[in-house]
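Every chain is named by a letter (A, B and C) in the order it is written, and numbering of its residues begins at 1.
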Amino acid sequence: MTTVLKGKDILHVKDIKLEQINMIMETAARFEQVLDSGGRLNNMAGKLLAMLFYEPSTHTRMSFESAMLRLGGQVLSVPDARASSSAVKGETLYDTGKMIDGYADIAVIRHMQEGSARELADGSSIPVINGGDGSGQHPTQALLDIYTIQKERTRLNNLTVTLAGDLKNGRTVHSLSWLLGKYGPRFYFVSPEELRMPPEITKALVDDGIEVIETPDLSTAAAKSDVLYMTRIQRERFTDCEAYERLKDTYLINNDLIRKAKSGITLMHPLPRLNEIAREVDDYEGAAYFRQAANGGPIRMAVLALLTGNE
Amino acid sequence: MTTVLKGKDILHVKDIKLEQINMIMETAARFEQVLDSGGRLNNMAGKLLAMLFYEPSTHTRMSFESAMLRLGGQVLSVPDARASSSAVKGETLYDTGKMIDGYADIAVIRHMQEGSARELADGSSIPVINGGDGSGQHPTQALLDIYTIQKERTRLNNLTVTLAGDLKNGRTVHSLSWLLGKYGPRFYFVSPEELRMPPEITKALVDDGIEVIETPDLSTAAAKSDVLYMTRIQRERFTDCEAYERLKDTYLINNDLIRKAKSGITLMHPLPRLNEIAREVDDYEGAAYFRQAANGGPIRMAVLALLTGNE
Amino acid sequence: MTTVLKGKDILHVKDIKLEQINMIMETAARFEQVLDSGGRLNNMAGKLLAMLFYEPSTHTRMSFESAMLRLGGQVLSVPDARASSSAVKGETLYDTGKMIDGYADIAVIRHMQEGSARELADGSSIPVINGGDGSGQHPTQALLDIYTIQKERTRLNNLTVTLAGDLKNGRTVHSLSWLLGKYGPRFYFVSPEELRMPPEITKALVDDGIEVIETPDLSTAAAKSDVLYMTRIQRERFTDCEAYERLKDTYLINNDLIRKAKSGITLMHPLPRLNEIAREVDDYEGAAYFRQAANGGPIRMAVLALLTGNE
């Protein structure tokens, strides 16, 4: 059933079944292999991707556009949809969805409001991909994270994974913890008290029989982990300035931390980084964050091709 | 004489002769048929379209870009030409026209000032299409409107057509009334007193022997009409708030109005809509406004191909 | 050694050796010939160009994008990179360079800060072209200027060239004087006292044995010159308003000045022009400024193809 994703939307990571995730990863690997061996793909020739970005996000936009172009397709790009005349005139996303049916074969929307991707999809008959809606969902980020772990560790099962930084507000770590939860991990959730993982997420994992250790101590967690997934931690999130000053160095990944960590630990980050990872770490072979970003290419190629039935 | 449009500009709807309109509609229908049957077009392979948008207009821009890409061509998009360095530095549109000769094979300009498309065309030797200049012209909108009526009603002659809403300021209804006037229609012009069709337009039609009935009453007009073309009506156009409050419900198309209208009436709107058409009407089979928007695709494909001699 | 530029960056005009300049001009001429004879190029099929414009520049952007598309390649365009989420979040250009490795095969950056192109190139493993960094460098402008002189005069050696206008702040005249200096020119540097060529540039030329005559008098210089390269001169550059009022007419190229100039003089300007060149001059056959702008196409095609090894 290779066409099981054809015609579907991808709005929320929980919409995607485990077998579909595997299909996406297999398709991504196949595409990657063709490109790596100098081949070209033409699966989406004559097809158009509409990029409706109501919130700027250069990396997500470039990654999707690059993916579509590398499949031989074409792109209609609206990098600043918020300022467009129809949005200003008060067009609903439902009506925008009706309109894009006439322009394109598949659409990606990024928007500041949760639920906006759903509203567009309700109006549209072409597949819609949620490219990030506010503090809500960004399912292709979770997919590329999983794909990266698979590639870096050669397996997804039975890994010890540390998620660190701002676990309260980071949508990537929420989606990733849910998705990785399907593969029987052991989790360390490393954050300051103010920025702990939302209790309902932790509870759901524990209820599923997954071991979760919450701690503010990054070094101890790193010493036990196969994967360390770091996120940005922002000063303005703290009510207590002293707490920030005390913690900020603890949450810096540098060569000193790598020495204390489990040998061969894989370092990931959704990027852009600020000061969470020192540049000296870039030379460490387990530093996977730029490879992780590049993995967005094949994963998004796979999603675009599968949803339109051009895999 | 299939090449009669080759090398020409389309700046004003009145520049286009009736036989050229027919040629554009025939070409559009031919392109549409190829795409609908799953075929691909490659007429504009290796050709570049420059999109110079000094005023944002996502739908017009996406429609033209989609059209060019579906013809196998490529697009140079400047969605915010106003903020570009050359415009800021004070380059004239005449000089911009000279410059784009070096970049592209055909250009579309959208600008807030009437006459701007003409100035660009004066400098440029490639075909220039006016994609809307202020309260002036937007000829491809008029063409897709005519094309929609032809498709929805299977004829253009001897139709009773209601144009409703803001008839004073709406450039689309001005162009459309002029263009439809060539096909022997009967017109209802439905608007509040403040927003009546400019008298010179009405007079020119009447002088041509066309029956024009002006009324503020939408239901009566709809009961007699084959086509109802609605436009946005804005509160700020009214000097008299009470008049707006009184009229706003009268100018709402909902299922109740459809029941009072002539059976099978075709509903059109240049979009985006605000509250002029209730969403419940979307399911009515004569609701043609989204099909109308989609007709912009083949019409613009036809115009791009004919002006460059690639039909 | 046709691949000598493959994999290189072009960050500064001084990075390019004379033999490489010749290779670029020969490749440009070859590409131009193919297009002029109605042929198509497909050298960059399947390749992606990332356009990172942190400062708006429509003409430079359109020229590069047009070049890439005419080579059969595709473009990832970020016309307002400054407002992008990653720049706002504080991503370094080094990290942006790491990221674009995953998206594209070659990149052009335009930025307001000197040295920014170098920082991007330090992070990136794909070729990076400096599309203008502040008051620093814009090497493809210098290359197309040289190419224009070669085409208009059929030679580069032993020409008398006037550079006129704002010689103090204009990066194009700095690069051009350095580049032309390699071909044994005689220079007139024509500017008001306030806007003279920086003395270190003049000195370096004189030290190389090149004759340089500095004067505020445009007519006298034009009477002796094969090429007159005019640049914009801005009122706000003057501390002395009277000096501006006195000079502004002297620095206007009109038909009267052409009559006083050497017969057949070639007129150049980096464009956009304001009032430096009257529109009446456009009909003069030596008015090369719009041809000069169009020469940006083949020159940028050559650079894109050579740096990626697709010439």
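One rule holds in what follows: contacts are C-beta pairs under 8 Å (C-beta built on N, C-alpha and C of every residue); 3 or more make two chains touch, one makes a residue touch a chain.
What you see is a predicted model, and the numbers here were worked out from it, not measured in a lab.
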Touch-based graph of the chains, sorted into line, ring, star, complete or other: complete
Angle (degrees, nearest 5) of the CA superposition of subunit A onto subunit C: 120
Mean-CA-position distance for subunit C and subunit B (Å): 41
Residues of subunit B touching at least two other chains: 77, 79-80
Complex contact set, residues of subunit A against subunit B: 45-46, 48, 50, 74, 76-81, 83-91, 94-95, 98-104
In the complex, subunit A residues that touch subunit C: 40, 55-59, 62-63, 65-66, 69-70, 77, 79-80, 232, 271-274, 279, 282, 290, 293-294, 296-297
